[in-house]
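If you scroll down you'll find the structure; I have some questions about it.
Order as written gives the chain letters A, B and C; numbering starts at 1 within each chain.
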């Protein structure tokens, strides 16, 4: 289906040559051909650009009616006649750049909505947009061109760099953020961590949470996710790290650069992640762990111990992913046959495709 | 305990005959008897209606002091003398209709609160209520009799049908919704999906998320749940489907009609559910799966592969529920006895009742 | 690193004698020594107080350059010369009291922000602060000295006791709360529970949720957590119980006193917890269970049956923690070696330290 202009206003049309220029792709076809938008491979018509990312949709390529397709060199031979190509070693990235050219997103509307409450001493960089009912506290500093959505609350003293986007209902306190940081709707950054200690009378005494949250450049925090501020030291989310929705980050967690934390993951206090760590959906981490760079943690994994660089882990408690595959097959066999050996089924080694 | 009138204003009293009429139940007792409200079976007094749903509370029925009890034909014989009956093949439904008669919920107060910010070109159907500080964007269309709570934000271009209820702090963008749709407090509908692709420099480039969210008639989205909009195609929640709180729905997920998605479930991008699928609490689904109609997925299950129609699955990775029961008992036995056989305990086949 | 005064304004300096007095600790050193703040053990300088809680950081104690350290009697001998001591049997509590003395948190600013919408018949106790855009409904009663943050919504009829703090974007409805209750940012208290029943036509009919939420004194509800109101009876959170972020509490759940519910836990409807129950991160509870006092439930556990007082449970389905350790090691061995016995590894009994 075509992109709905009600929600995604478009630029264009753009020529094939322009798209090649924007993406650095090699053009195969008439550079003057005009394209009017983007669409999925099966849905794209003669005026639209689509893409092929790997073999998953290769069958659809033969049927393509798109005006142009972004693809890797290898698949060029399967392109139907009359369809132009943009050949790129990174077709998904090239397509994303084209999509962003056609649909650059809503235009920022600099200015402060009359219903917003902005502290007199807050400093807003040039070109900031502050939406209805937003609240910006004392001493806040925003860089240039920030977009502060409706109902956003920024607590006293927070700093955000240039080109940050805080979507409606996001809130931040005790936070120092870099450039191009995004908080999605309802994200909670800088809340008091879960820190308390019992008293002799059996009550709990709150341990003052005296740290901050530090967000590196290009960090994204997903909708309704929570990043607690540090207890004494800071909670730190490294540059480029992205959190999906409903993620929980405990106090004093530190992540490196470019980590990918999928929805509903929970990371307990003081755990430290290296660079480019991936944690799949609903995985959980105990506190005070060290997770090596480029480690990959499977969905629903329960991580209870340190993980070396580059390890792939899965299961709860987490184990190396190959072990987990073996253990899972064993479990499944126990379930299916009460644990009796099954020579005929010895080929069932992929838990994700055995049903 | 009686229903607190501070929170739930009541109509009534209503006669037994009136209740029989509203529910289609068969009346046993004096049709002129007046009832003043509803209560749980153990707590209901002579002026109140209660109900018995299945055998769970059968013992309490013999002690009932209620004015009337809604129940199935089978249990009529256990009703104490002096208690009237409303006999229904669906007692829970009949009781719910009676409860809704007594407590129809807060009355809509048509009009726009002076602190709300409504775009000049937004179209609101007759009888809509718009609460304090709500924000309604350009080009929004609301059907008749919608209730827009305090602090709700509806982004530009969204469409909602008649009789929708958006509770305080809910937000929607890029969304087309049917009639009688409910967003509970803090629900986030239409956020940017978790889509990005690496660049050669090791950064992430956001893939523009150019789809929408389509909500069928009578869809409910729970408190603080998130439904991301599609990447190119739409995310679709089928008619009557209900999401509990803190649920995550990834971009391009499609559900059929009447699915029940319990709290903290996560469904990854592009997974498709048939009709009347049930997913119990904290279950997780990988992306790009097909889940058959009437499949039932157990709590905390990890679904990694397609599921045929009508299958009951459990475990992580998920397997047929009977296999999971067997594997769980094996696990438990390994834990309890180091894996030694235990003839005396061979009857322990129900993991939910063995402690 | 020192506490950032931008976010955490400080009192002081305070003398060692004053700190001893506040904490009841035994002072070792010059009572006139002035301290200016608190810091972690490795970071504290001569003007700062730090603490040692157990053996974890004992090595750091020998290197300490702090002005004073709070510690237990046992470790006094390891303190470097020149560092003063505050000796306490509960060093974490003593340190927390000191931190709260130095950093008592933001000062309440009594009064109602002009953008707040407060119902004419709402009753606010003396010294309440009501922030920008807060909405307080008809008939609400707040005790003395409550702090109602920006964008908080309190529905009609709710009651809160003295010294409650509702952080930005929290919302409550159908709620009766005690003294010193805290709702963190985006917490949702009193939403409609997930109750509905099928109709003969295959639709769902909502069962009116006619109960309330009752929060005991000193309850804390974490950021973006959800506590649904009861269906007929109440949902009750006992005094002193603390919920972390993103927790789900279903309708009619009852907890005792002093329970600790860690992030992303889900408790299904009508389950009853005794006193001082601990549930670690991402654990899930089926509905209608009874969990005994002082039971401890492991991270990601799946609780499907009643648990006696004082039991430690783990795994999904949950089993006694010793059994779970044994079963986990078995699983891990199956994974690592295909189930062959491994005498050399028989000492690997701690799943959290075997990597």
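Convention: a contact is a pair of C-beta atoms (placed from the backbone, for glycine too) under 8 Å apart; a residue touches a chain by one contact, two chains touch by 3 or more.
Remember, it's a predicted structure, so these values are computed and weren't measured experimentally.
> Given that chain B is a copy of chain C, what angle of rotation, in degrees and a multiple of 5, matches their CA positions?
120
> Have a look at where chain A meets chain C and say same if over half of the interface residue numbers show up on both copies, different if under half do.
Since fewer than half of the residue numbers are used by both chains, the interface counts as different.
> When the C-alpha atoms of chain A and chain C are each averaged to a single point, how far apart are the two points in Å?
28
> Where does chain B touch two or more other chains at once, residue-wise?
Within chain B, the residues that touch at least two other chains are 115, 133, 151, 169, 186, 224, 246, 264, 282, 300, 316, 331.
> What residues on chain C touch chain B, complex-wise?
Counting only chain C, the residues touching chain B are 115, 117, 133, 135, 139, 151, 153, 155-157, 169, 171, 173-174, 186, 188, 191-192, 194, 196-200, 202-208, 210-212, 224, 226, 228, 232-234, 246, 248, 250, 264, 266, 268, 282, 284, 286, 300, 302, 304-307, 315-317, 319-320, 322-327, 330-331.
> What residues of chain C sit close enough to touch chain A in their complex?
Residues of chain C touching chain A: 1, 3-4, 6-8, 38-40, 43, 90, 92-93, 95-97, 99-100, 103, 105-106, 113, 115, 131-133, 149-151, 167-169, 184-186, 218, 222-224, 240, 242, 244-246, 257-258, 262-264, 276, 281-282, 299-300, 316, 328, 331-332, 334-336, 338-339, 351-355.
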